[in-house]
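Given below, in the form of structure tokens, are the structures.
Both of the next two complexes hold chain A, though its partner changes from chain B to chain C.
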Partner chain A sequence: MAKMVTFTIDGRQVTVPAGTLVIDAAKQAGIDIPAFCYYEGFSVQAACRMCLVEVEKMPKLQPSCALPAADGMVVHTETPKVVEARKSTIEFLLTNHPLDCPVCDKGGECELQDMTFRYGLGESRFLEIKHHAGEKQWSPLVFYDPARCILCYRCIRVCDEGLGMAALGLSYRGVAAEIIPNKGDHLECDECGWCIDVCPVGALTSGTYRYKSRPWEMNYVPAICTHCSNGCKTTLSVRNGEILRANNRDRSGINGEFLCVKGRFGFDFVHSQERLQSPLVRRDGRLEPASWGEALKVAAGRVREAIGRNGKFAVIGSTRTTNEENYYLQKFARQGLRTNNIDHHRSGDFITLVDALTGRTGALATVNDLYTCDAALVLGSDLAQQHPLLAVQLRANWRHHRAAVYVVTPGPVREDQYAARSLRAEAGSEVERLEELREQLKARKNLVVLYGASVKGEAVRRLVAFGDSLGIAVKYVCLVDYANSRGALDMGLLPHLAPGYRPVEIPGMHLDAMMAAPDLDVIWVVGANPLEGGREFAAKDAFVIVHELFLTETAQRADVVLPAMSLYEKNGTATNVCGEVQRTKAGPKVMGTKSDLDILGLLAAQLGFDLGVPSHEKVFEEIRRTVRGYSVPLPVLATGGAAQAAPCGPAPVDAQAELVRPSDDTLFTSGTLGKYSKRLTQVMEAPGRLFQP
Partner chain B sequence: MTLLAPPHPLEKRVLLRRFDAPRTEPVWIDEYLRTGGYEAIRKALTMEPEQIVEEVKKSALRGRGGAGFPTGMKWSFVDRKSPKPKYAVVNADEGEPGTCKDRILMGYDPHRLIEGVLIGGRAIGACRGWIYIRGEYREYIRIMDRAIEEAYQRGLLGSNVLGSGWEFHLSTHTGAGSYECGEETALLESLEGKRGNPRLKPPFPASSGAFQCPTIVNNVETFCAVPDIILNGGEWYASLGTPKNGGTRLVCLSGHIERPGVYEVPLGMNLLKILNEIGGGVWKGRKLKAVIPGGSSSPVLKAEECDIPADYDSLAKAGSMLGSGATVVLDETTDMARVLARLMKFYAHESCGWCIPCREGTAWLKKISARLEEGIGSERDIETVDRIAQSMFGRTFCPLGDAAAMPAMAIVRKFRGEILEKLAQSEAFAPVTGAQPLAVL
Partner chain C sequence: MTFSPELEAKFAKMIANYPPGRQKGALIPMLLYAQDEVGAVTDEVIDEVSRRLNVPRLEIEEVLGYYTMLAREPRGKYHLQICTNVSCMLTGGEELFEHACRKLGIGNRQKTPDGQFSLEEVECLGACSWAPAMQVNYDFHYQMTPEKLDRLIESLRKLQ
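Up next is the complex of A and B:
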């Protein structure tokens, strides 16, 4: 156990581990020491001088962000001398600050405003002409106003230390000092916008939000990012049904305040001009707008007719719909349509892992485990591109705890920067190089293994066997691609496995078989685009029902297109890459759309299927009761937390590993949705490339 | 190169002992060896490193860069048993306005510096040294480079120093024109190729300096004093000055004085004696108004305050500092508002911008003092200068803030009446008295 020290702060005795900074210890004692440059988790700058405190027996005021608590130390945080110092610091800051609060994006949520208010500065002695430098656009997403900048260097640190991108630096000196982007006049980076969020003032502003709203005009909705599988919580700022920005400044959820470019800016597909806002029904070979009543009637009619003549159905589910919708969809297929022909795009071989880990508990890692583990092994994934949160977690673990990270990938990845060892291996042969790491891995206390889509089938079993042979605690993460890819697996959007990986008696057709089957009567596609890239259904005459946001290749082939909601528009839960279940709430509204759950509920009612009430609460209750691993504690979810679902147990041997196909999205692509996000396609870094240095 | 005047009888030339006659060429290696050069390092190589440090401690040698930290103590902080390489760095960034002594030493007696660094390096077990020279000193960089080359050729530097088996390399490193890089940690950042911002202390360079390795950083003059300390013993050197203020020091006389230049005097010599006898008194027969005794950051002394011994402790007691030894003489005609404006312009230009009080404070001081120089302003402005300086003093990240605040406070406090008078006489702007809530600009 760490050595403890006891010291006095504002007359209170506080005991903290040795090495704790006074500013942190004060926080634990409920004392707020103001600071601009201090930022938990990042290097100490001691530059803003706001956190100066008085320490007995020290002649000068001391920066509490750079002062480790020591036994017997006596600290005062609100003496007249301290308050005077803070007042003068604020006065200094305001000398060259433009004070354009009425038109500044940050107005109302600005730390400089708050601090000025707190220290009651109403008058300035500064009578001179202010130093001014003009505003600059660094990218379509990031703007910088040096006049507002107080130089706290938070942006530089999150970019460098947090991401390993190091795209921001400092130029000029004295009062002319300002932040500069890596390409001189513009930025080429991850475009994640983390710098904008950590900016305590309005110096860094978002190209998509600037001058659009005041913070008090918007509602804040806790949602889950709909893009990759990392399951970042994002707080949507919604005004009049429109998302104006997304960030996670409230640090809700597993990601703290981290979001990548997709999470922070890639929500604009929601309000795309190309969103479907009315059902479409094929008449005389052409898709034409129809009312919801009419479209549902046409769809229900054809389905009823097909059921009547014992027709063949195929159901393709989504990797971005909620757990409730996925669960309801498989119930709809299995109990309503009486078919096991249900599948989805699988992007990671989790099924073999479930089987290989039979009977174990605690063998699946959480996002937090990546921050606390002693060692991590990344196989076949360009983490910084494909799983940005996991990459940030590992990097933070290395920075804070010196975790050893091992990388085996087909090409260079950003994790090489700090990896204890990086090996290169052809996709699919990563596991063959593991023996070279055995001795190093054995020496660590524990290990988290992350493997991408190229590790599948037997390779997963060999990987687990290798992990077992190390003699240390090993946890696993099967890297899947989209927001609810893992949920789709768990909820049984599989032809041979019901929810919770329970085998079904007679397995149905898998995705490839459905595509190739010439004799299907109805193909039902919920939020997927299997016809992308010119593919076709072999069943030329099948009646195709599609739930979609956009007129995708698959929707164009449909006979009935039902405009669906995106994940941001509905309530429910989703399961991230680590199996963590989180709740998402409906933020924006797009007229004319319905949630997939509502659509299925309405059709179930028309078709006379008794599938239970299609409300997300009721369905989730049923999931908690019946799906293995999902008896997660409700209070955790209700308070915005994440609860891990770990459905380990016997699964059939047939993982159908050949169906696992990576989508190979980069930081700037996101399957179908990404194509409809102007912001993701507009930044000059897009579309990016995997395995780039 | 006329800065080096012929020796004055009151001088005690130790560091400058090779310049009894005026010269134009530096002392190159042959002459240096002929006049007892590199004897000290030969002796030091026979001593234990602890003995070297002990000798320097005994000499009461204090850092000649400005802060006056005891050199032996600084060296003793280096953990010689550390498995990391250790480094010796020479601070030749000589940026303090009024200071021009390091250039004399490097420009005339470069091998003395090399020998000093060798001894310092030996004392801490260093394997490498750098001489960080300000970029403007192009001529001295050239001289040092040639001297280093000579030392390599004679086996005084390199993989086997004088056959002792000890490896020590030395090279020059050019600064890019920043006063801040004279601060030792900013110097190290710059040496590492980064922006010259100061570092957070602790850790101090002795435990984590250049490239995160144990490092000593000392001024040129400090290193140059070391060879004689080793040759003649610490006690001998200490006896040249006053207790706790060992040895001699170079004084850079400039400003309104008859004989400006660099002189070497024992520490503790009376300041007026230095000015009047060595420097020949205030020029043009005028009266003395004030003296800046230790570089531009040292608080100004009024004429009547100058009758004190020029050593670290006496000047500190008088509310100023010995600093870098740059003594700037101001005669009775000097406009103190102008002095203030010029100094503040310098600090605003040189503030690195890292911390708020220095960045914003120096810029603000510059603007107000420029106004006062023009005669535009009020009594309130003088108070504001004092208040700003107080808000900076002791609260900035590195000493640059203090360096700007100290002279500002001293000038507006000691010459308040003069500045007020100037404002009153100014036709530019009627002085504003009493509280004015906001000015209309």
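Up next is the complex of A and C:
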């Protein structure tokens, strides 16, 4: 335990660990000291002079962001002297600030504006003409207006320290000083837009949001990002059913305020011109628009007919639908269609891990564990690109706690920058290199192991055996790729495992078998694109029903296409890569679409299946009751928290590791959704490559 | 790129002066000497210095923007720097600078079309006792007057 110090702040006694900065201690005591350059979690800059406080026996005002609390110190944060100093600071900051608040994006949520109001500054003594520099576009997503900039360095620090990107700098001097991008006149970076978020003024603005709205005109909807599997909470700013921006400024959720380019900007596929907004039914060989009633009738008719003659069904589920939809879909298949021919695109071998960790609790890591663990081992994943949140957590852990990070990957990754050791190994042979790390790992207090799609089958068991042999606490993360890949596995979108990894009596066909089976009568594809890249169903005559957002290759082959909602448009829960279940709420609306749960519910009613009420609350109740590991506390979910589902236990089946195929999405691609996101395809870094320097 | 053998030797000595991992300290002198030899801090120079000192390009750009004595574009053969800071201003530095502008037909941080002269208004040159002061490349000229400046420019023209 660190040494504690006790000091007085505004008449209150506060005890904090030695070394705590006065501004942090004040926050713990509920006292808000204003600051621009100070930013929690990042290095001290002490550049803005806003957090000055009066400390007894110190002759001058002190910057509380750079002053460690000491025993017996007496601090006053809001004396007339302090207020006077802050007024002067703001007067200086406003010397060249254009005060174009009425047109500035930041107006209404601007820290400089708030402080100017708080300290009641209506006048300035400066009469000189303001120094002005024109606005610059650094990328399709990031704009910089130097005139508004107050040079707090927040953007520079989040980019450098937070991401390891270091794409921003500060150059020139005096009034001409401004932020500069890494490539002269433009930026080449992760395009995550974190710099825009942390900007206390409107100097950095977002290409998607600028000059579009005002903060008080929008509704804020807590959603879970639909792109990668990290499950970042992204707060959608919605106006008239349209998403205008996405961020997470309130730091609710597992990701704090971090979002990558996909979470922050990749929402525009929702309002793409190419979204399907009406069901399509094949007539005379062509897909033609139809009403919902008609399309459902055609689909239900063909399904009823196939059931009548004992036909064969195949169901391909989605990695981007909610847990409720996945659960309902497998129920629809197993109890309604009476088939176990159900599968989805698997992107990580979690099944073997579940089985290998039978009987253990606390063996699966959470996102927060990556920030608190003493050591981490990354196998076969370009973490900064494929799992940006996990990478940021590990980096913050290294920065704040000197965690040791070990990487074994087929090529260079960003984690090499700070890794305690980086090894290169062919994809699939990562586990064979572990012995080289044994001594180093044994010396650590605990370990989190993250493994990508190349570690599968027996390798996972060997990995767990290696972890056990170290004699330290080891937790695991199976790096699956899509927003609800874990949910699809947990909810039993598998031919041989029902929800909660319970083996079924007669296993059905897996994905490859379905693709190759010539005699299927109905193929039902919910939010997946198995025909991507020119593949075909061997069953030429099968009736194909597809729920989709876009007219993908699979939708083009369909006989009935039902326009579905994206994750941002519906209510329910999703499970992230670490098994954390979070609730997502419906934000925007796209005319003509329905949620997959509604579609399945309507069809179940038409077909006379008794599958329970298709409402997300009712289905989730059932999931909590029946699915192993999912009896998660509801209050946590209801308040926007994340509760980990740990379904570890026996899964005595062949894990079918050969079906594990990584998405190989980079930071700028996101399967089908990415193709329809102009923002993601527009940036010059797209599509990017994995394991490149 | 490589520099002249003399400069290479100088760089080698300079870099070795700093303890391991702190080679970055050689950044400003390296840029200055490289500029003297190459004529400007070109993209090539930046890349080379970045590589040798293991400093990101962006960090070098930060330094270049901050220090006025480092230039990205070549200056004139004779770079005239005229001080207009307090002591020089009081003793006619500003008039001297304006005179130089008229005489050469160029403004602050500009270059004559023949590339012979460039002009810059600078802050204190540290020669207040002999104000107004100016500098031509690395040579100081003290207690300047417009007449002395005319003679200086003429003599430089003859040197060409």
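By our rule, the second predicted complex is superposed on the first by the 692 of 693 C-alpha atoms of A that agree within 3 Å, B and C clash if a C-alpha of one lies under 4 Å from a C-alpha of the other, contacts with A are read in each partner's own complex, and residues count from 1 in each chain.
The definition used in the following text is that contacts are C-beta pairs under 8 Å (C-beta built on N, C-alpha and C of every residue); 3 or more make two chains touch, one makes a residue touch a chain.
Since the structure is predicted, the reported quantities are computational estimates derived from the model, not experimental observations.
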First, second, both or neither for A:K27, with chain B first and chain C second: neither
Partner chain(s) touched by A:R173 [first = chain B, second = chain C, both, neither]: both
Partner chain in contact with A:R624 - chain B first, chain C second, else both or neither: neither
Partner chain in contact with A:R462 - chain B first, chain C second, else both or neither: neither
Residue contacts on chain A - larger count, chain B or chain C: B
Which of chain B and chain C A:N182 touches, first, second, both or neither: second
Which superposed partner A:R49 touches (first chain B, second chain C, both, neither): first
First (chain B), second (chain C), both or neither touched by A:R118: neither
Contacts of A:L151 with chain B and chain C, given as first, second, both or neither: first
Doubly contacted residues of chain A, that is, touched by chain B and again by chain C: 169-170, 172-173
In the complex with chain C, residue positions of chain A that touch it: 166-173, 180, 182, 184
Partner chain A, residues of chain B touching it in the complex: 178, 180, 195, 197, 200, 348-357, 359-364, 367-368, 371, 380-381, 384, 387, 391, 394-397, 437-439, 441
Complex contacts: residues of chain C adjacent to chain A: 56-59, 61-66
Chain A - residues contacting chain B, complex: 44-50, 52, 59-61, 66, 85, 88-89, 91-93, 95-96, 123-129, 131, 150-151, 169-170, 172-177
